[in-house]
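We just call them A, B, C and D in the order they show up, numbering each chain from 1.
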Amino acid sequence: MPQFTYTRRVRFSDTDVAGIVHFANFYRFMEEAEHEYFRSLGLKIMDHRPDGTAVGWPRVRASCTFESPAFYDDLIDVDVSVVRVGVRSLTLGYRFRRGHKSLAHGEVKTVFCNCAAGGKFESVDIPPEIANKFVESPADSHK
Amino acid sequence: MPQFTYTRRVRFSDTDVAGIVHFANFYRFMEEAEHEYFRSLGLKIMDHRPDGTAVGWPRVRASCTFESPAFYDDLIDVDVSVVRVGVRSLTLGYRFRRGHKSLAHGEVKTVFCNCAAGGKFESVDIPPEIANKFVESPADSHK
Amino acid sequence: MPQFTYTRRVRFSDTDVAGIVHFANFYRFMEEAEHEYFRSLGLKIMDHRPDGTAVGWPRVRASCTFESPAFYDDLIDVDVSVVRVGVRSLTLGYRFRRGHKSLAHGEVKTVFCNCAAGGKFESVDIPPEIANKFVESPADSHK
Amino acid sequence: MPQFTYTRRVRFSDTDVAGIVHFANFYRFMEEAEHEYFRSLGLKIMDHRPDGTAVGWPRVRASCTFESPAFYDDLIDVDVSVVRVGVRSLTLGYRFRRGHKSLAHGEVKTVFCNCAAGGKFESVDIPPEIANKFVESPADSHK
């Protein structure tokens, strides 16, 4: 059962000459769904600790399986579920649907990091007040 | 050993506010490398049979593991190798490098299809004259 | 006075290494606002005549003036106004705001066309039932 | 006469469902041409002064006129010319061609700025050693 559903209109610039949504854009849509899921939990994907240190969630692995094309102007639902909460990592699962029709499913593994300028990331433990917000789904269907 | 290497300059519009290449763009870079690899073999990703039927290679699964960030203006090498040639599918592996430094690796599985207007795809056997151009790498290091 | 306002969340993939929305994305946002404005009028940007001919609105000129940066996660309003309704062309104006703060303004001129496969466009007169839906703004502030 | 020509392969992800290059991507291509032109002059679009201050060239206005579509896999030439060198601004002109066929032309006005974190830009005079590298074209044909 998804913890959250994000609804997204497919835009003209999301499509390609094959007449369908370009596959790379599904990864952008998963990220948008992730950020709205974070917002729904009162969290931010880019934040700062009380001491001013920037923290974030760089992606370490992302995969997507494409079942059926999505088209210009489709209204798509992206169901988000929690696949795994690790000590330093969070893996979310995504199911893309147009109504009841499943279009794709994917997973993105992210790692909680202190972020310094110039793209320097150091993985650190997820603070309990953040980790506790994520509950693994008992029967995840996004695999 | 890669069958082909594609070299790509990272562009300003490939980056994001984290100061690095946005992860979804690695999938676009894999596709660019695939198309140049096809070109090197005398093949096209979008083609027509003698009877005029359009044929192509829709993506069915893509994954990427991100090891180290890529930055604006980097000159990146993308090594392409053949992971598996199936009856109707082709899986290519990709290794991203900046010089000797490995940045990411991924795989994209595509299926050979007859393509009709409106994003209608029907998978069909890869013709032998195409399939024979792809030789699986004995020791693929992209897994 | 705008005829329509489109509200858009700035996404992570809309930004670049300068920490702001990449300028090319303002053109995508103008197009999204245009399509939602068309929808609000009961029109489609890609449509078919009763005889099956595809019709559309290819862009012939687009410009944008950037006043102040937009940032990740901003909620942006795009005001749409009608600059000019020609015999075959339609020019819409756009004003980007974050609250009362003006961020950018632009114009896109499109031409009504019969569209054939392979990107072949033939400009034709806008049918009166479509042209009549657009009313030029008496005092357009997007110039 | 162009000062510089940048050659660019049109990629699958540059196209849209109309079967042509999406218009917003012409602005990305102009930026790529600009950066390669800067490189040819020994300049960088993002640089630092001897005292460490970051400097750059935020865009203040961009326009493009679209004459004829560009298609997937086209090899496109982008001619760059210098329209105007101001005290703090630089306006470059761009002509898109597929062989001798003109596809589009545009202009981008940029302003030389000190850049602080968080997208804070302060316009400053272009140092003479940079300004002197740009020579206005006597008969600019990009207008």
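Rule of thumb we're sticking to: contacts are C-beta pairs under 8 Å (C-beta built on N, C-alpha and C of every residue); 3 or more make two chains touch, one makes a residue touch a chain.
Worth saying up front: this structure is predicted, and the values here are computed from it rather than measured.
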Most distant chain from subunit B by Cα centroid: C
B-C against C-D, pair bridged by the larger set of C-beta contacts: C-D
Between subunit D and subunit B, distance of the C-alpha-averaged centres to the nearest whole Å: 29
Approximate Å spacing (C-alpha centroids) for the pair subunit B, subunit C: 34
Rounded Å distance, subunit C centre to subunit D centre (Cα mean): 23
Shared-contact residues (touching 2 or more other chains) in subunit A: 12-13, 17-20, 24, 28, 31, 46, 71-72, 117
Residues of subunit A that touch subunit C when the two form their complex: 11-13, 28, 31-32, 35, 44-46, 72-73
Touch list for subunit D against partner subunit C, complex: 17-20, 23-25, 27-28, 31, 46, 56, 58-66, 69, 71, 115, 117-119, 121
Touch list for subunit A against partner subunit D, complex: 12-13, 15-20, 22, 24, 71-72, 117
